[in-house]
Amino acid sequence: MATELDAGWAIDWLRRCAAVIAGHRTELIELDRAIGDGDHGENLDRGFRAVTAKLDTDVPDTPGAAFKLAAMTLMSKVGGAAGPLYGTAFLRAATAAGDAPALDAPALAAALAAGRDGVVARGKAETGDKTMIDAWTPAVEAAAAAADRGATPAELLGEAATAAEAGAVATDPMVARKGRASYLGERSAGHRDPGAASSALILRAAAEAAAAVEPGGSPAGGPSA
Amino acid sequence: MATELDAGWAIDWLRRCAAVIAGHRTELIELDRAIGDGDHGENLDRGFRAVTAKLDTDVPDTPGAAFKLAAMTLMSKVGGAAGPLYGTAFLRAATAAGDAPALDAPALAAALAAGRDGVVARGKAETGDKTMIDAWTPAVEAAAAAADRGATPAELLGEAATAAEAGAVATDPMVARKGRASYLGERSAGHRDPGAASSALILRAAAEAAAAVEPGGSPAGGPSA
Amino acid sequence: MKKLINDPRAVVDESVQGFGLAHADLVSVSADPLFVFRREPARQGKVGLVSGGGSGHEPLHAGYVGLGMLDAAVPGAVFTSPTPDQILPATLAASTGAGVVHIVKNYTGDVLNFETAAELAQAEGVEVRQVLVNDDVAVEDSLYTAGRRGVGGTVLIEKIAGAAAERGDDLDAVAAIAQRVNDSVRTMGVALAACTVPHAGVPSFELAEDEIEIGVGIHGEPGRHRIAMESADGITDRLLQPILTELDLAAGAQVLLFVNGMGGTPLSELYIVYRRAAQVLAEAGAQVARSLVGNYITALEMQGCSISVLRLDADMVELWDAPVHTPALRWGV
Amino acid sequence: MKKLINDPRAVVDESVQGFGLAHADLVSVSADPLFVFRREPARQGKVGLVSGGGSGHEPLHAGYVGLGMLDAAVPGAVFTSPTPDQILPATLAASTGAGVVHIVKNYTGDVLNFETAAELAQAEGVEVRQVLVNDDVAVEDSLYTAGRRGVGGTVLIEKIAGAAAERGDDLDAVAAIAQRVNDSVRTMGVALAACTVPHAGVPSFELAEDEIEIGVGIHGEPGRHRIAMESADGITDRLLQPILTELDLAAGAQVLLFVNGMGGTPLSELYIVYRRAAQVLAEAGAQVARSLVGNYITALEMQGCSISVLRLDADMVELWDAPVHTPALRWGV
């Protein structure tokens, strides 16, 4: 297993995001239709398709540069609440990653934490408000614990994704206090938050891209679109 | 059986019209919905309810006066095509009936013919155009034959109603050439003309009112609303 | 059926009452018999302009009462022509001595009721001219129909004839320009879903999820034929083609393009239709000099639209641009 | 789903193109990034007014670009806030050096995207004030929500702030009057049937034949609670009551009454609602000094309406009456 993840991994991650979001587009629309306005799957799909289109002409050479490309593209193509929030997450992660050609486990944990902090700074949501934060915060915590323990990047991301998935499931009974679902009051309980669900998908894609990396450091060949 | 029908019969007829149209309101709406705009039952119901309301305060003393009351009320309350057409029919029938205190069979046949001619004069429809004329013309012809033969008024009206009913049924396969149904072209075939159907109901009410007349000349007690 | 109504039999009365309250600066309402007329009487000697017909086409006709358009409007029951006892007093209210033009959509009921009212008005000394609107190319104008229907063109005729009357044209001239507009405008409509007449309670026709009705009128009556659902561009082409065939525009002809919503179609979709219609007209060499897009003559909440094309002349352009101040159409004032 | 569209993903682009063609005398369209701006640039020194948000609310916002109202409008995807790369150039196009006010409906997405764009504009030397619209009394404004939504009041704010900018008010004054209108207007909506977002293809919520959704927003999001169908008068009372509680009008207070259609409701029904609302306001001792009835801020073809009541002061009346010339709102010119 690689001890560092480079730009190849980051690019592979973003391409996997596009694939997994396209595959879950309808499901995310349905989740958002229940407690929001039904556009989350469409918006993210449009955004990540734009990211892969951008990657076809523009090849970032550091993870930070890849995150920045994703941030700018999501910010200008997604719109809605998710566009600026995911955009900020990737932008802050890019800043945390800096110019490093590759990220080790502690750097990955720090990038995830910076991304989460960016979402909180923009959206002011707290844990339990039934937002994407409820997926991100357990993921950040799991990543920190894994890094402390000396886990590999792939292990770290796998544990973060698992925590995000559990966090997304945990939003089901919550009453929303932020975003469009908050207008529903008590009626928002009993539905999964779409942003938490998409966050879990995105983090799982990161883990899968890491798992696909050959010891040498580049991906073993993930989906390319 | 009475050999003449007086104002009591005419009033009873109009009240029976109101009852029978109210009872067939939905059916007439359905017929008009299929090849027109779905208001025929509602319009006639509104009109004949106004006629009975009028009759509650205003008691005509000749058949002609009753027809005139119906004419003016239908003209001002029904609207659409049927309002002026039925209004004209009753107005011409009133003119034909004149001041006579009661109508014998030939006078009834003449009043029906005058009514039919009024509809033709206003609406310019010919036999086979799939309109109320296709009920009225056979009725007028049956009435003339009955009068020639010396039938009683009740017999005459019974035969006219039966002919009108057959005439209405005969509109089913016709392609409309007048009124709103003509816009449908060939698609108007296979549906009964609503105006022909309501004409048959109205003429059947006339026959029933006549059948209810005691030998003395006033109705045996038809529905009063 | 779910509607924002109280008693289905009171919809027209209550709606016109609300209309009168909302536009008390422009119109007055006579409650019984029901009609709407200008609050400020027109100046003496102006030709009066009256229209009316079944309700359910709002803002037509009451929404067009005011300066530069109608003097009075007569709403019937939903989709049912009004009666002479409404039309007569509306005609008298619109009369300043210079005669009155009745703009009547060509439906048997409207024609007969307005005819009777015109006779009665004439008996009271008011000269009346009836102009029939029959712009619908979906219906063949032949011995075998009641003739073409009056649809979208009605709005354009009321605006242009209203401006002519306001300018001071005499009775014959106002009737003549109304007739000229009628002769120069063609319309065709489509329904994606039918409307429900309040007193009927069920949709006026049934369309499957993949069907549309081409050549539909404005009374919830079925159209000329039913086809499978198509793209907006495809539908637009279908509606425009018979219009263009009938109008036979010369190269460079100036036209007014009117995309009208039937009541239940979002404005954004009307603009998608407008976009294609403008392309097709440009390809046909016509010049779209004036436009109107919106819900101007509706069929309750029917989903669909109609396209009207009016061949303009210089006088029509001047009259179209003239000030108008009504509840539903306003500019220049 | 049957709609007059071509590709569901092209609806906004094609619709705005058609809009630009139909109103080329008033507006220009930037295709990519997509925004709409006044054809005649405003005079130097006029404060710029920009609004935007998800599409599907037509005629909002692009329909209000023109003299006396907005300088630019930024349409996002359907029900999705636009992005900073659209908002920034629209802001620059609206800037004549006197600063720009962003009128932003209070939705997380709109707020965040306009915030980013404002930062970017400020970096380019354009001073920006953001005014949040949050007039919807259906949503409790508390720590436990994203705050009240911006709905019907948006139209009134854009008109009045637009007139203030046209009059020559400076940046702070225009932002202040926009804020004052926001603080004086309350709105509540109802849906009888949901709308269908083109890319979703299914209605945004399901209502049974005898259910309505009270306190609905304009994005097809469900409302605050669901009740059994009622009469128009009953529904009107339900919508008005929380508005009146919040506004706490003094006896004789002048108000503007705005009955807004959600897109799929006939105008005639809006007037039935208006009639009852006017009655209730009169009983409450308020004086309806100005009215607006029609489809001004919609949710695609949603069936339903919203009622807004604005407590007027003399300056607001003057600014409301000031000339406006936009595709969707026009008077005095």
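Chains: A, B, C and D, in written order; residue numbering restarts at 1 for each.
In this section, contacts are C-beta pairs under 8 Å (C-beta built on N, C-alpha and C of every residue); 3 or more make two chains touch, one makes a residue touch a chain.
Since we're looking at a predicted model, the values are computed, not measured.
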* **Identity of the chain that, by mean CA position, is farthest from subunit A** => B
* Asked: Just how far, in Å, is the C-alpha centre of subunit D from the one of subunit B?
  -> 55
* Centroid spacing, where centroids are CA-atom means, of subunit B and subunit C in whole angstrom -> 33
* Asked: Could you state the distance in Å from the CA-based centre of subunit C to that of subunit D?
  -> 29
* Structure fact -> Per the C-alpha centroid definition, the whole-Å distance linking subunit A and subunit B comes out as 77
* Please set out, as single numbers or ranges, the residues of subunit A touching at least two other chains. => none
* Asked: Quick one: do these chains touch in a line, a ring, a star, all-to-all (complete), or other?
  -> line
* Structure fact -> Chains touch one another in the pairs A-D, B-C, C-D
* **Footprint of subunit C on subunit B - complex, ascending** => 29, 33, 35-39, 42-43, 46, 75-85, 122-123, 175, 177-180, 182-185, 187
* Asked: Within the complex, which stretch of subunit D touches subunit A?
  -> 33, 54, 76-85, 107-109, 112-113, 115-116, 138-140, 143-146, 149, 197, 199-200, 202, 204-205, 217, 219-222, 224-225
* Structure fact -> In the complex, the residues of subunit C that touch subunit D are 2-6, 11-12, 14-19, 21-23, 55-56, 58-59, 63, 192-193, 209-210, 212, 229, 231-233, 235, 257, 259, 263-276, 278, 288, 291, 293, 295, 298, 300-301, 303-305, 330-333
